[in-house]
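Chain nomenclature is as follows: A, B, C, D and E, assigned in order of appearance, with residue numbering initiated at 1 for each chain independently.
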Amino acid sequence: MPVCVRAQAPPPPPPEATAPETTSATPAPMAATMTTDTPAAEHDEALPEELKHASVAKVFGLDFMQRALVAGVAVGLIGAYLGVFVVLRRVVFVGMALAQFSSAGVALGLLLGLAPLLGSIGMMLVGVFLLSLRWSPRKVRQDTVIGLGYVLASAVTILLLAKNPRGETQLLDLLSGNIITVTQADTLLTIGALAVVFVLHRLFAKELLFVSFDPDTAQAAGYNTRLWETLLTLSIGIAIAFSIHAVGILLTFGTLVIPAVSALLLTKRISHTFTLAAVLGAIPIPLGLYLSFIWDFSPGAMIVALSAVLLVVCGLLSKVRS
Amino acid sequence: MEIITTTPELAAITRELVGTLASVTSLAKPETNYHQVDAKPSDVVKVARADLFVRCGMDLDMWADALLGSSRNAKVQRGAPGYVDASARVRKLEVPTGGINGASGDVHAAGNPHFWFDPKDAVVVAYEILLALLAVDKAHGNTYNANYKRFTDEITARLAGWEKTLAPFKGQGFVAYHDEWVYFATRFGLNQFGFLEPKPGIPPSGGHVTDLIQRMKASKVRAVVMGSIYSTKYADLIAREAGGKVAVVPYSVGGLGTRTYFEYLDAIVNGFAKALR
Amino acid sequence: MENTPLITFDDATLGYGRRVVLPSLTFGLSEGGYLGIVGPNGAGKTTLLKGILGILPPTAGKVTHHRPLTFGYVPQAQTTDDLFPITVLEIVLMGRYRRAGLLKTPGSDDRARAERALEQVGLPHLSTRLFRELSGGQKQRVLMARALVSEPDVLVLDEPTSAMDIAAESATMELIERIHHESRLLVVLVSHSLNIVANHAQTVAILGGAHFQIGPVEEIVQPDTLRGLFHYDFKILEVEGRRLVL
Amino acid sequence: MPVCVRAQAPPPPPPEATAPETTSATPAPMAATMTTDTPAAEHDEALPEELKHASVAKVFGLDFMQRALVAGVAVGLIGAYLGVFVVLRRVVFVGMALAQFSSAGVALGLLLGLAPLLGSIGMMLVGVFLLSLRWSPRKVRQDTVIGLGYVLASAVTILLLAKNPRGETQLLDLLSGNIITVTQADTLLTIGALAVVFVLHRLFAKELLFVSFDPDTAQAAGYNTRLWETLLTLSIGIAIAFSIHAVGILLTFGTLVIPAVSALLLTKRISHTFTLAAVLGAIPIPLGLYLSFIWDFSPGAMIVALSAVLLVVCGLLSKVRS
Amino acid sequence: MENTPLITFDDATLGYGRRVVLPSLTFGLSEGGYLGIVGPNGAGKTTLLKGILGILPPTAGKVTHHRPLTFGYVPQAQTTDDLFPITVLEIVLMGRYRRAGLLKTPGSDDRARAERALEQVGLPHLSTRLFRELSGGQKQRVLMARALVSEPDVLVLDEPTSAMDIAAESATMELIERIHHESRLLVVLVSHSLNIVANHAQTVAILGGAHFQIGPVEEIVQPDTLRGLFHYDFKILEVEGRRLVL
């Protein structure tokens, strides 16, 4: 019977078969012995000693750590680069809003019987699109639109799940990845998407900068500012979407905000800001991965914490300099 | 030998079988939500070194898929002898009937995954694990078989006690935090009367709460049972409005001072008895 | 006016929402022209510039650009964001972006031009300073340099010397004059200084209430016209060959 | 082969086991019972007809719904009023950041052996304090500080919880306020706190407005802008903290952002903006509570959705008017 | 100078971070004075005002306010946020907040004063308009009205008429003059228009590079002093009793 993987082993009688009456005769004196040798709470705590002292070479010799390193450095470099725009345009929560749109998409997918992944990606794109529209720029700024998008997507998610007969909410995190469980395929996909966005940003660096910094003059100079702004939001949104999928929300958010602020504290030329941000985005990745390994912490949180340490260092340097 | 399980319950059952022959580690820590686990590097390493990987299945621990993938441990990949889906032989409850349509959502086709609350299903799980142990570690087959027998015997013995404890309440209803007691209730002839928060994370409506309170009053149901990780705010509300009696039971082995599967079930059974009394 | 027309207003009405600021304007602007726009506060000078630039579409009638035009624009109030750490030179270089074209970065030639423009507005020493750390007049001079360096078809200046000191103002006006002559570009200048308009513009547009008048400078800059508009008693003197409006 | 999938067939004895004779004897007729599904999923689905058509009087005759109404209207009125400041100052995510600080406080409290509530309140106050500092206003705006606070508090929470997993429980408990489970005591406490904040804001309305709108001139006029700004952030932070505790994050966030934006779309005088926002904040509360009751939806999400409907109406009105 | 001193600079150095803009200033300002500040762009005029206001603490030396002072301030560039839906009257009323005192709202008297101030700057018809929808000159006039209505101890004006039309400029300067006389307040005025300074200020401070000079207007406004500062050839005429700097 090839269908049945386990069937070839002659298994013991089915447990159900031990009808209560027949088995009740058996005495149960083992309770004492059983409990003594299984102190449940403790042995899943500590990391084996050899892991606590693993060398860098050993840690990054592991192939999942290598994948984590590659995906992480890609997200760190490019996320932090884009983060300069995100911070300067005051839309630091754009990643949170997009993640929430993705959740709403999962809920919608469940209700409509679509694949949740499809719903998730679809709604995230809808979110990117909605956020890149210019609503009523005199009265409602983009940061407010992001707040509105976040809270509405959250409410819609809950309402949709309420009418889904078996809403298992753990699916909501469908698109949110974890740096150490990223697959080869996802790593390549993410690097590819980030590379495309990055190349786009390098090619159109001057246009995107001009339009962000001084939209009125740019328009007078002949640029279609609306188009360029949409391209900017769209490209950042796509990069964020892929990053969340590969390394999770926390790390994406942290990478987007912290290195950019650090760089802004120290630099006096926007080109240097971009470069420094990318460097500061990449530095904590290997370090954080290594420390999270030997100290047994969540890698995303560890990297964010290291990034924050760098921020403090940059803050002190900038104080000293002025 | 290294054995990794996804939940503390599976770890507890596995320990009964392996005794001191293997180290057993649960990826989800006790008293944490085992539906969502944020993996750490050490988790990947653990899975990578595992000789046996025991999971709940039925979509409860989907987060383990990424870990399995990252570990690249051929011994424990799906289909390998070291991979145990504990739910494989369990008689599944709440499997959506009427086919899989859009409204039910295909991902929930597997049914309710909280089967370990039924001691007899624990035996099925133990059996599933036993098979795998016998496959990956033939040398200690006799010990495993003996431990398995001891486990089933003790379950049988304790079950009698548990059934006796709960016998007076047969047919009585209780209110749960959310839908995780169906196996337990079926086993002990209790009536899962309603839920405080039917879907985790989705706050119930006033109508739902009123309906529940009215039905509780009408049916003279007062017992409210909830796992130890949940917020007590709905239980408090029900207690205020319907005179409910709230019992908090361990959410997982390791919770509320429990150490073994037996202590865990003891605490649960006692909790139910207290609430139903 | 054998010059090619660049921009035509056909019965164009400009305003914001339902508020009409400038009803039914009809006039044309040609290559090599120099239009001065005067009028009291709130008359609609800035609004007219936005109409010329195409930033504010007319609510009725038509504004035509006869060919795609690049504008060098110095707005009345700065709309730039202080959070950006952008240096003076980087800002002036922005003026070269359009000329450099898509996919190209400004080269050393562009850089040299930007530096020369900074010299021309009297700020060669500030090229590496942060724009946000400049004084008001310095900022205005930098933005002027950016507009000039872009070699635009049309130079649109909204009170471009309002924050400048007197020396910078006269140097800037002369610079504009020279570039206007050399490259035959169309200059559109708003200024409250009637002196400046009277001495530089060829054509003057006078705005005020429902009033709109456009014509050669000699016809328009007359005490009577001005008095009606500004409710202020003007004297026009000629001192050493320069018109002086008091 | 269906037999194989379900494994109901009586399995053969284990390979090396001396098959326990006692049990193997029993036949296995469970196949039949296995497929009988307990229809547990159904009885919580539909609300009884009588509740579906419950009258307003009946719904709000229930005392927990009355408490919800009172607490909700208080949060709606005052939250929306304060929301005008929040939106104008571009700090719409301040509530999210404070909630995250509170989480970190729970985690810290557990680590130090303090009561989680104490840790929660303590860290939320620390958060309010940190956010009200003027960091480096030329280089880092308040919205960025909020983003930084949010991501750092999230990371710290995860790191602290890593060594104390049980904290998740307390976290859930403290942060998931729900409007219909609010107690009498919490209702009174929240109303009290909100009333204090509101009175403060009415008493110092002109100072808070001046300092927000034009800090430089206000300082020249003799106001201690730093003090007033701290008071503003502090008061808003405290109101948010109490609101989250009483009615949950989603409703607090929604109340803070949506009515203020609606009001800004329609009004041309700031005093009208405040009034209209408060009204628009209160309207969806009874309506949302009632509809969520009879339609069986989460009340918080329902109220936010209604608020969003009002926003769309306001948006259309504002389009029509111009 | 029998007037009570209000503000004293004791060897005070003003600057930003490590950049010194104005080294070791020593002078005093008294009640009823009228100080005009002139100097080329970037000389430090705005910096000096910030030092007087106490917004920018000196990096060395001391700036003393002899009693708590309220300032009416019209900054060079507007720092207000366009997102706020604030009407013109609401803005002018802000000038009354300090006088109204804590815990009190401006009353009908304050409202009347605010409306009168709007009349004085020529904008009585705009009181219900949104500030963000005004023209540049209108905004400046509203901010001037706010500064005047606050009845300050010191009126600090940083190029307050730079965006105004010529009529509004002269009306505003006369208004300031009148209020200065009536209420003996100290006026500190920065202006690029030497005409304005020469005709209104009693004391003039000249800034430029490391140069700082302060004295009575007659001594300071001289062609030679000015030429050295602005690198520009000035003529000073007297036309019908008014000084005219060209």
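Note that in this section contacts are C-beta pairs under 8 Å (C-beta built on N, C-alpha and C of every residue); 3 or more make two chains touch, one makes a residue touch a chain.
This is a predicted model, so every value here is computed, not measured.
A.B. asks: What chains do chain C and chain D have as common neighbours?
C.D. replies: Both-contact set = A, E.
A.B. asks: Farthest chain from chain E, comparing Cα centres?
C.D. replies: Most remote chain from chain E, centroid-wise, comes out as B.
A.B. asks: Which one of the chains is farthest from chain C, going by Cα centres?
C.D. replies: B
A.B. asks: Identify the chain pair with more contacting C-beta pairs: A-B or D-E.
C.D. replies: So, comparing the two chain pairs, more contacts are at A-B.
A.B. asks: When the centre of a chain is set as the mean of its C-alpha atoms, what distance in Å lies between chain A and chain C?
C.D. replies: Here the centre of chain C sits 48 Å away from the centre of chain A.
A.B. asks: Could you give the separation in Å between the centres of chain A and chain D, each centre being the mean of its C-alpha atoms?
C.D. replies: From the centre of chain A to the centre of chain D is 22 Å.
A.B. asks: With chain centres taken as the means of their Cα atoms, state the distance from chain B to chain E in Å.
C.D. replies: 76
A.B. asks: Would you mind pulling out the distance in Å between where the CA atoms of chain A average out and where those of chain E do?
C.D. replies: For chain A versus chain E, the centre distance works out to 53 Å.
A.B. asks: Can you list every residue of chain B that touches 2 or more other chains, as numbers and ranges?
C.D. replies: Those would be 29-30, 38, 40, 88-89, 91, 96, 130-131, 134, 145, 148, 152, 202-203, 205.
A.B. asks: Among the residues of chain D, which ones contact at least 2 other chains?
C.D. replies: As it turns out, chain D has residues touching two or more other chains at 7, 14-15, 17, 20, 23, 30, 41, 90, 139, 141, 158, 162, 264, 296-298, 300-302.
A.B. asks: Which chain E residues touch at least two other chains?
C.D. replies: 83
A.B. asks: If I apply the definition of touch given earlier, which pairs of chains qualify?
C.D. replies: Here the touching pairs of chains are A-B, A-C, A-D, A-E, B-D, C-D, C-E, D-E.
A.B. asks: Please name which positions on chain A make contact with chain B in the complex.
C.D. replies: 5-6, 9, 11-12, 14-16, 18, 20, 23-24, 26-28, 30-31, 34-35, 37-41, 43-44, 47, 51, 59, 62-65, 67-68, 110-113, 116, 158, 161-162, 164-171, 173, 177-178, 180-183, 289, 292-293, 296-300
A.B. asks: Could you please specify the touching residues of chain D with respect to chain A in the complex?
C.D. replies: Listed in rising order, the residues of chain D that touch chain A are 1, 4-5, 7, 10-15, 17, 19-20, 22-28, 30, 41, 45, 87, 90, 92-93, 96, 136, 139-141, 143-144, 146-148, 150-152, 154-156, 158-159, 162, 250, 253-254, 257-258, 261, 264-265, 296-298, 300-302, 304-305, 308, 311, 315, 318.
A.B. asks: Considering only the defined contacts, which chain A positions touch chain C in the complex?
C.D. replies: Touch residues, chain A against chain C: 88, 90, 203-207, 209-210, 212-223, 264, 267-271, 273.
A.B. asks: Once bound in the complex, which stretches of chain E touch chain A?
C.D. replies: Of all residues in chain E, those touching chain A are 17-18, 82-83, 132.
A.B. asks: Of all residues in chain B, which touch chain D in the complex?
C.D. replies: 29-33, 38, 40, 88-89, 91-97, 111-112, 130-131, 134, 138, 141-142, 145, 148-149, 152, 179, 182, 185-186, 192, 194-195, 198, 202-211, 214, 228-234, 236-237, 240-241
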